[in-house]
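Read through the structure below, which is laid out as structure tokens, and then see the notes.
So that you can tell them apart, the chains are marked A, B, C and D in the order they are listed, and the count of residues begins at 1 in each.
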Amino acid sequence: MILTLDQANKIIDGALAAARKHNANPMAVMVLDAGGHPVAFQREDHTSLYRYDIAKAKASGAVGMGMNTRIIAQRASNNPVFFGSLTTIDGLNLALSAGGVLIKDTEGRILGAVGISGDTADMDEACALAGITAADLNHGVE
Amino acid sequence: MILTLDQANKIIDGALAAARKHNANPMAVMVLDAGGHPVAFQREDHTSLYRYDIAKAKASGAVGMGMNTRIIAQRASNNPVFFGSLTTIDGLNLALSAGGVLIKDTEGRILGAVGISGDTADMDEACALAGITAADLNHGVE
Amino acid sequence: MILTLDQANKIIDGALAAARKHNANPMAVMVLDAGGHPVAFQREDHTSLYRYDIAKAKASGAVGMGMNTRIIAQRASNNPVFFGSLTTIDGLNLALSAGGVLIKDTEGRILGAVGISGDTADMDEACALAGITAADLNHGVE
Amino acid sequence: MILTLDQANKIIDGALAAARKHNANPMAVMVLDAGGHPVAFQREDHTSLYRYDIAKAKASGAVGMGMNTRIIAQRASNNPVFFGSLTTIDGLNLALSAGGVLIKDTEGRILGAVGISGDTADMDEACALAGITAADLNHGVE
């Protein structure tokens, strides 16, 4: 099973609907497939320029490490030397903050990840979760 | 005037509608703003992996050089040494083929560019033009 | 369905068995999954150093473009300006020579690609095909 | 004396046998020669994508600095500014965590290094040591 463009668009629509409902700052939302390749991306008006890169790095980190970036960021706080070194490895992108969330099917297999940047890490992550739920997919967060 | 997310989404929707109408291969469509930064991207199912990079490089080349990639590719054919050297400059991406088209407002100012990869260069470009037209914007191609 | 390590190892074993049977030069063999990520790699003794990079680029190009590198190389011969520009795009690797072959399941879906470098392009490709066949997978070449 | 492909394969087989015996998470194992070039690599099924990059960076760091990454990581904890600066040097990759182990011959000469990523740093390193021992080579760890 692959993540379809239709599913990716629904994730983005759901995430941005949640952002507008919460009156969040303008957001950038990237959806990657299980191989870490972009399926869909949208950046709201008046978003600052690096939001694309940060959203992509959050999604990349989640799918690359196989866990949500909230957990990766917690581990990095406890081991900054190791995670700092990881961020510099060629071809490996990490944004050590919540807002990168795995997308899973009903059997728990990883289909990809969504990464969001624009507001606080908590708000970014809440919108990512809302988007995945809106697309009838799972994120594995209780 | 800036290119809005709403306009970028309309361009992609129009381009993909044209692709489906012509029964084209699955396509990747990138829309960049006037600063060369991604506003929206969609990749149809079963598109090969490099289509993202090629679509982005086509749009980058158009907005970076201020002309459509069809014209850039023609010039490159006549002067391959110079354009070959351009492609290797750090941070500069060019895909020397049609399918990267400038997006202009009614007064001819550049708002950004759309880049498409997936089918022949001619088909990619035709869908890019269709998308810009569908968004009530201009591409300056007669 | 994913390409398993067991399948990847069988592909490499089959490819190297073919290389030894034909008394080919020492070879490097890379197997990538459908997302372009390494599953297994082996480099025979006395192989020159760039063989790793070339084998990886051949496999990358095949899975990235969705076709065998023999076909990509033929197209590049007819359009060197475009394919030359592709080789310089950040994050995109191409080795414009035969020896990068798609790995497909029985229903024709792409599972990944194998890339080989060490002898002539024809010998490299013949060993890649032999490896895929030895693993009971398909390469789609008549 | 060079590290042969046969030795590299034995190291990987021994490391993965140890991983399965200890019921470890799925692992990626990279073996580099004394010049830092890949000889063999295997990634177990269901390993997250960055494990390849991290395993390679661990092995690279060990052979590049001439010591096991456990020691490098300890030094980095005491001098994070210096080691942080090292990680950003072009072409130099370090993963500041245990799991990158030098491969030595019976006279203590460096033949290469193995890098493993997938479980805890301690487990990764234990499997690396087991693999080197299984290949009748030395790792210099008491």
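What to note about this one:
One rule holds for everything that comes next: a contact is a pair of C-beta atoms (placed from the backbone, for glycine too) under 8 Å apart; a residue touches a chain by one contact, two chains touch by 3 or more.
These figures come from a predicted structure and were not determined experimentally.
Of the two chain pairs shown, C-D and B-C, the one joined by more C-beta contacts is B-C.
Averaged C-alpha coordinates give centres for subunit B and subunit D that are 43 Å from one another.
Once the centre of each chain is set as its mean CA position, subunit B and subunit C turn out to be 30 Å apart. Put simply, the C-alpha centre of subunit C and that of subunit D have 26 angstrom between them. Looking at subunit B, one finds that residues 49 touch two or more other chains. This structure has the following touching chain pairs: A-B, A-C, A-D, B-C, C-D.
Here subunit D touches subunit A in the complex through residues 48-50, 53-54, 57, 73, 76-77, 80, 83-84, 87-88, 93-97, 121, going by the rule given at the top.
Per the touch definition, subunit C reaches subunit B in the complex via residues 35-36, 63-67, 79-82, 84-86, 88-92. Contact residues of subunit A toward subunit B in the complex are 2, 4-5, 8-9, 35, 37-45, 49, 52. Touching subunit C in their complex are the following residues of subunit A: 33-37, 91.
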